[in-house]
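There are structures below to look over.
Both complexes below contain chain A, partnered by chain B and then by chain C.
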Partner chain A sequence: MIRHLFRLIWNKKKAHALLMVEIWASFLVLFGLGSMIVFNVSNYVEPLGFSYERVWAVDFNNNQDTTAMQDKVNTILQRLKAYPEVESVSRMSSNYPFSTNTMNNGVDYKKRHVMSHFYTTDADFAQTLDMPLVAGRWYGKGDLGGKYKPVVINRKTQEALFLDENPLGKVFGDFRVVGVIDNFKAKGEFMTNAPAVFEMIEAKNTWDKIYLVKTKPGTDAMFEAKLVKEMSTMLVGWNVEVNPLVDSRKNQHNLTLVPVIIFLIICFFLLINVALGLFGVLNLSIAKRRSEIGLRRAIGATARQVSWQFVAEIWVLATFSLLFGLLFAVQFPIMHVFDLASGVYIGAIALAVAIIYGLVTLCALFPSRQAATIHPAVALHEE
Partner chain B sequence: MITLTNIEKVYRTSTIETLALNNINLHIGQGEFASIMGPSGCGKSTLLNIIGLLDAPSKGGISVGGQPVTSYSDQELARLRNQRLGFIFQSFHLINDLSVLDNVEIPLLYRKQISGTQRRQMAQEALERVGLSNRVKHFPKQLSGGQKQRVAIARAIVGRPEIILADEPTGNLDSVMGNEILSILQGLNTDGATIVMVTHDEAMAKKTHRLIRLFDGTMVGDTTLTLC
Partner chain C sequence: MLTNYIKIAWKVLLRHPFYTFITLFGISLTLTVLMVLTSFIDHIIGSHYPETNRDRSLYIEKMALRDSSRTSQNTGPMSFKFLTQYAKSLKTPEKVTITSFFRTSNAYAGSQKIKLNTKYTDAAFWEVMNFTFLEGKPYNDQNIRNGELVAVITDDFRRQYFSDLSEPVVGKDIEVESVHYKVIGVVKGSPPTRFFSYADIYFPYTVPKSNYEQDDIMGGYVAVILAKKASDRKAIQDEFQDKIRRIPLPGNRNGFKYAMLEVGCAPYLESVLSIFMEGGPQVKVIFYSVIAFLMLMLMGLPAINLVNVNVSRIMERSSEIGIRKAFGAPIRTLLMQFIVENIFITFIGGSIALLLTLITIYFINNSGWIAYADLTINLNVFLVSIGVCLIFGLLSGVAPALRMSKLSIVEALKS
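Now for the complex of A and B:
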């Protein structure tokens, strides 16, 4: 029967060409959307690697003031630590978690080259963000002054640079590895877990003035106001801005989710259009094929078989369209387009195929049931 | 073979009730070639549909091979139509998007036990039987009316049914083609098939073994004919 239906659809290919193009185009759009969704979902399920609740990023802008900067950045740190509401403080570069800033650098080891995110942080960073180490330790003040700068890397950097070697104590460029953490997705859950290197902030560094302040549980906005007021009084001419990481995280999520949601809405309307088109075409086709339906019933088809035939025909039609679509879609994982993992594209293909089959089945169900109710004696005598 | 007892068929709409068949009692025996005649609207096609189990009577009983079928399910009726009945229609009812061979194969698609190769072979044989073995790859649009009806006959006989029901098989054909179709039907009858044919053509009807006349839904004549 399947072969019969393939032959029937193939012989009607000219009549079905537009419908096939419509299904093909829907598949491609769904494949695009599916790739975005699969990519983001697979990122989302990867652990973030740190805790952000109760952590504020306090940004100090010295404006025109350039006097005694080293003293001032240390005073800020000591003052912040002195608050009873504060649990821990860490100073770092402007690419703090969920910020929009990024710093990348290439690192090399034994002819292996990796592009890595670089974060300049102090000894309290891991404690402030509750980042567990999987090997070694976080750097401390005692690590400064040596020939190489102490760094902590994440597992992605370890895998890319050192493969199966133990990374602890290894030197690459000016850096010596003292510890390894697991994940670090600074831009939030939707970010790819990319290679990261944490470099220890140097004493002469006065330009990185982001302080990550971890507050004690129950600390409210009153403290935020008090902190801003006191700091502004202490640092005349400076601007102080507090960004709770919870809020920054939401902004980062919006940057990822808004395009996906817009694309989803467009796709939804496109699919409704396709569904209505399919539904109309099938209804018309059944009206045109009443004689055939009558004949099939007369020569031995049950009502159920007639109904199934129309569903199966639309599956065959969808299969032809999907085969053409797949020819295009499989190029993405083969050619590693956009440098995404093959699994993302394969997942997107599976998702798009499932949605297309689901959609065509849904559209075919009602018309096919209508076809099954056509009385053969009536249908055969209509001409 | 087929027995109709006190058959009545009423078509009802919200405003009107039409009695299409009234108290029909009929037995079609094995190997018979019966024709049904009557003016337009007298119920010939309705009677053929009821004999062919395409329509259910409002009253009365039908039995096929001694087996009452009135209470059969859709699935059982479909199986019975597929295995024991063959249909030929005035307007052929061929599927234009399928080749001649594919059209002839259709009844066998609903028999699970027949393989694709067997189907092809049986369809080829049926087409040979009607003299169209050289047209297997043609499409219905490429055939004349007579050829189309021969394809329809091949489709009706491909499953080797015991009973062939023909609804005005020569109605759309000229007399030469009509005679050709009738002689094929006669040949099938000689080989053992039971044939019931609805016709308007008195001359065609007289070439069958039995002539059943209908008028206003009632059977007004049932004559056994002697062939010259």
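Now for the complex of A and C:
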């Protein structure tokens, strides 16, 4: 049967070439869309690793004021903690959760190399963001001053650097690991769960002036206004800006979602277009093959067999085009284009193949039904 | 003759409404996507309010410092001091303005929080940009020299900050981060896609917290140069680069020893691309090829689809072709007829697309997705669309016409 179908398609190869190009092109578009969707969905299902709901990032900028910076930086911390509306405060570097800043550094341990996100935070960071530790503890004031700087790493860094070893107490570069956390997806749900290293903020560091303030439930913009007013009165010439993490998260989500949604809408219309076209072409080609169908019916083929033939034909055609499309698609995981995991591309290929088969089946179903209703006597009479 | 072809095409269209629908759906969808896209690109890079002088402007938006081995670099906007020394002093331009780039802040009106984009500018800013003043006037050099705490705000910010909109707000007080400013003018706002002019509130650069006194070469400021005419731009670029070349190298900035100093001074499109794309020409090539491939796919797919349907349908008309051939019509005439028919159909699709584009643009402009969005179908967008229509019509018409012209008379007349 299959060989017969191949021969039928081969005989009409010129007429089918365009159809195949069309299916091939749709496959590539779907593959692109699929990669985007699979990548984002697989990121989304990973837990975020921290909670942000009541946390504000308060950004201080000293502008031209450079006197007694260490004192001022500490005064801000004490002042913020003193508010009754505030639960806890932590100071960190400018790549705070959902911000647009990133800081990457390579770290090495026993010839294993990994690019890691670096966050400079203080002792209260885990508490402010409700981050549970998997092993060890978060660093504290007592950890500073030793030969090595205390760091907390996430599970991704642990897996990449230490494999099965117990990471606690291990030294890499001039860092010593004191604790391990699970996930930390600082750019939001759609970020890849990347390796992260948390470094403790040192006393001489006065340039990192983001304060994460966790407020008590029910705190509103009134307190925000009061906080900004009091802070900028206290620090003359400084900028004070409050960004609730909830808002920054929305921005990060839009950055990811808007392109995906636009692409999705365009692809959806393209697919409708292709489906209608396929439907039209199949309809016409079946109308042209009435005599063949009549003959088959006359020598005993059932209606089901006839309609099955047309569906199977389009499947064979789709398979040819998909094989051709796969030649292109597999280059992506092989050549590591865009640095995505191979699993994403394989998932996208599977998704695209499934949609293409579904689409061609849907388009062939109605014309093949029509074909099956052709009465042999009528069809042969026309001939 | 032409009217005859068009009449035939019209009759063919009416014969099978379903196939007509497929054809028109494909054409109008593709053209809508293209038109919205061109309109969007025009919105981003064209000369529109308030940057109507963009076609004779140059933008200095980024400085790059590199060490001698090219292993590390510092890039970013420049300091006010640097731009005053090297850009403001240029002889050839008509006007040069120095303005801060991205800065955000918050204002509070009662319990309501207003997110703000702020800009610190000089007085020339109001001459380089063509803002429409709804109330009051811009600040001038006098205001700036006196260090007056004044501000120009946008109509959008006025609506959010002042509850009573019936009376003028010029002369009223606004508070941003504990500093009180007097409103001196209200302008119609600029869309956020125009980075050099967009803000909610504009301050003279001498107000507190603007960092204009910073003694450094890099900082938070950019410059826009307005040439007397577009053709002067080359001379200005040369003059500017000549000045930059005279900066002593190597230099030291906060401990970073640099051996190379580059400052871009380019027309709008180039400078905007350099803001968003770092990492050398290779990244650009990959980026552009991916975009080109995607565009080809998005436009090619409907075209192939159309060719497919047309090729299948051409046989419907074999008797007509046979008769015309039998009476001596040359292949060229028949080819012409089918191409004219296709272009006619494409233009019908094009008109539908124009309508759909107008609707889409209306929705984009009113959705608040981009504040102050002013996407339009102007002459450029329209001409590009017509061109695309023609290409599309030819593309989908030639293959079926060729197929048909090969048909032998006997074959055609048999049916």
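Methods note: the second predicted complex is superposed on the first by the 382 of 383 C-alpha atoms of A that agree within 3 Å, B and C clash if a C-alpha of one lies under 4 Å from a C-alpha of the other, contacts with A are read in each partner's own complex, and residues count from 1 in each chain.
We adopt the following convention: a residue touches a chain if its C-beta (ideal position, glycine included) is under 8 Å from a C-beta of that chain, and two chains touch if they have at least 3 such contacts.
A quick note: this is a predicted structure, and the numbers were derived from the prediction, not measured.
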| item | value |
| --- | --- |
| Clash or fit, chain B versus chain C on superposed chain A | fit |
| Dominant contact partner of chain A by residue count, chain C or chain B | C |
| First, second, both or neither for A:Arg3, with chain B first and chain C second | first |
| Which superposed partner A:Gly300 touches (first chain B, second chain C, both, neither) | first |
| A:Ala221 touches, of chain B and chain C: first, second, both or neither? | second |
| Spatial angle chain C-chain A-chain B, Cα centroids [nearest 10 degrees] | 90 |
| Partner chain(s) touched by A:Leu340 [first = chain B, second = chain C, both, neither] | neither |
| Partner chain(s) touched by A:Leu284 [first = chain B, second = chain C, both, neither] | second |
| Touched partner set for A:Met103, first chain B, second chain C, both or neither | neither |
| First (chain B), second (chain C), both or neither touched by A:Met69 | neither |
| After superposition on chain A, the shortest CA separation from chain B to chain C (Å) | 13 |
| Of all residues in chain A, those that touch chain C in their complex | 15, 18-19, 21-22, 25-26, 28-29, 32, 61, 63-64, 220-222, 224-225, 228-229, 232-233, 237-242, 266, 269-270, 272-274, 276-277, 279-281, 284-285, 288 |
| Touching residues on chain C, where the partner in the complex is chain A | 18-19, 21-22, 25-26, 29, 33, 104-106, 108, 111-113, 177-179, 208-209, 211, 213-214, 294, 297-298, 300-302, 304-309, 311-313, 315 |
| Contact set on chain B toward chain A in their complex | 45-46, 49, 52, 54-55, 74-75, 78-79, 81-83, 86-87, 89, 91, 93, 95, 97-98, 102, 105-107, 109-111, 116, 155, 159, 167 |
| Residues of chain A defined as touching chain B within the complex | 1, 3-4, 7-8, 11-12, 291-292, 294-305, 375-377, 380-381, 383 |
